[in-house]
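A, B, C and D are the chain letters, set down in written order, and residue numbers restart from 1 in every chain.
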Amino acid sequence: MLASASSPDVYAQAIATRLLSRDPFGQWLGLELGEVRVGYCQLRFRVRADMLNGFGALHGGVAFSAADSAFALACNTHGRQSVGLTATMDYLEAGRLGDVLLVEAREESLKEKVSVYQLRITNQLGTLLAMFKGTAYRTRHEIL
Amino acid sequence: MLASASSPDVYAQAIATRLLSRDPFGQWLGLELGEVRVGYCQLRFRVRADMLNGFGALHGGVAFSAADSAFALACNTHGRQSVGLTATMDYLEAGRLGDVLLVEAREESLKEKVSVYQLRITNQLGTLLAMFKGTAYRTRHEIL
Amino acid sequence: MLASASSPDVYAQAIATRLLSRDPFGQWLGLELGEVRVGYCQLRFRVRADMLNGFGALHGGVAFSAADSAFALACNTHGRQSVGLTATMDYLEAGRLGDVLLVEAREESLKEKVSVYQLRITNQLGTLLAMFKGTAYRTRHEIL
Amino acid sequence: MLASASSPDVYAQAIATRLLSRDPFGQWLGLELGEVRVGYCQLRFRVRADMLNGFGALHGGVAFSAADSAFALACNTHGRQSVGLTATMDYLEAGRLGDVLLVEAREESLKEKVSVYQLRITNQLGTLLAMFKGTAYRTRHEIL
């Protein structure tokens, strides 16, 4: 038997797939799931013309939205419905039309009621475009 | 003649109108300009079905995007091109399908190179849904 | 009888007084309680020479600490022990030796498990030196 | 001769040593310089009884202050006087009396006018107590 994901990670992937399939705005963003594990999530999306701002660069809200989506998926991989309380976004470099951006969410802390995540958005050259930090409240409600 | 906006405020409105007219994602959001003055900007938009997340509530990224747009307009009303450095979003209550949301950006600090804004997002009942704080870097480039 | 504070506000004042009296670092800061109500707290302190940084201005950490203290008092005025999850500090103007600073904490949101506060630090001239935003988790433990 | 630090790193260490030696509040905190390189700084300090809060844990302001100091040193290692614009602190675990805390500041972005840092505070067991993110404005003034 080849190396395989552990059962909690398979469950995490099922949750992420289900949430993203029911997420109209996530679909508008064209988010594609990459690696998903418990407490971890990767997304990719391509910068389209309708995602630009008044200066011709990627709208900061679109970059934030992709990060917020990866944050939401990562904090829900534990199976308990979690909601974002607060998030911080740092803009380092502008995204450009046609860029393929990688969004990576990593769990920094998991407690009974609260979890914290750091995210990085990089482009196809590996340049760091933005950092995001999110804090989530974990309800008792099971997702699946 | 009746009371009228001062010349700097008229200039501020011209800048905001121009930036928003050239902002593809701002148009997707359906943002409508309300009151605009130097250092101040109001926007309104209606929550559509394609703005929801996987739990059936307004996607946090859409709320952030509307705030980020009002922040961008407010910090550019001085006429010098300004770019967001960092922003913080606090989610207090979920937005719902059909809500008409008011986004209000208020300047808290204006210095030679940096300006800071506080924003509030409220729904049609006056309920505070989210708070946003943004810090901008002011370039030397004139917008108009 | 003259106008008097309501019973919950008297209780809030008792909590703030007690917490501050047992707070060694708050005492080092020389924090003096001003107005306290449920969800609201004012503190004052004077900038001493041992509060300065390597550039001769008020150390940002001291300003933050005074704000963090007012935040802690305000979120505990409801009687349930509350702990800070995350805080954001914006530095607008430097504090100077001898300044008497006013720190004011205002509740923006109170939910069953989480509360959010905005704070402002002003000097004796009314100049806004810093803004602070804090999010607290509310435990079930009663303070008094 | 054995491996030695490069000249810019030696310069960075001279700046950090000088700033800390003139920093009254940094001395009150008992901050000890560890590794310093261009864009990087480590500090250590011991939690004393006068650093505690009203609940008997390390006052959040003291933890923030140590991080703010490491942030200030790291952003000044390039030799241009830099000032903090905004900072975010996430509290994950409480510090305790007698803990020896390590504060590590890492540069995430350096641009002409603005730089961004991520910091972590860990205790003697390696447990992550807090995360900090700071954004600095870089003046033209040379420090040495």
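In the analysis below, a residue touches a chain if its C-beta (ideal position, glycine included) is under 8 Å from a C-beta of that chain, and two chains touch if they have at least 3 such contacts.
All values derive from a computational prediction rather than experimental measurement.
Chemist: Between A-D and A-B, which chain pair is linked by the larger number of C-beta contacts?
Modeler: It is A-B, judged by the count of C-beta pairs in contact.
Chemist: Just to confirm, which listed pair, C-D, B-C or B-D, duplicates the contacts seen in A-C for more than half of them?
Modeler: Equivalent chain pair to A-C in C-D, B-C or B-D: B-D.
Chemist: With chain centres taken as the means of their Cα atoms, state the distance from subunit B to subunit D in Å.
Modeler: 34
Chemist: What whole-number Å value describes the gap between the mean CA coordinates of subunit A and subunit B?
Modeler: Their C-alpha centroids are separated by 24 Å.
Chemist: Using the average of all C-alpha atoms in each chain as its centre, how far is it in Å between subunit A and subunit D?
Modeler: Roughly 29 Å, centre to centre.
Chemist: If you look at subunit B, which of its residues touch at least two other chains?
Modeler: In subunit B, residues 85-86, 88, 90, 116, 135 touch at least two other chains, as defined above.
Chemist: Considering only the defined contacts, which subunit D positions touch subunit A in the complex?
Modeler: Spelled out, the residues of subunit D in touch with subunit A are 88, 90, 92, 108-109, 111, 116, 118, 128, 131, 133, 135.
Chemist: So in the complex, the part of subunit D that touches subunit C is made up of which residues?
Modeler: That would be residues 18-20, 22-26, 28-29, 49-55, 59-62, 64-69, 72, 81, 83-91 of subunit D.
Chemist: For subunit D, which residues count as touching subunit B in their complex?
Modeler: Subunit D residues touching subunit B: 85-86, 88, 113-114, 116, 135, 137.
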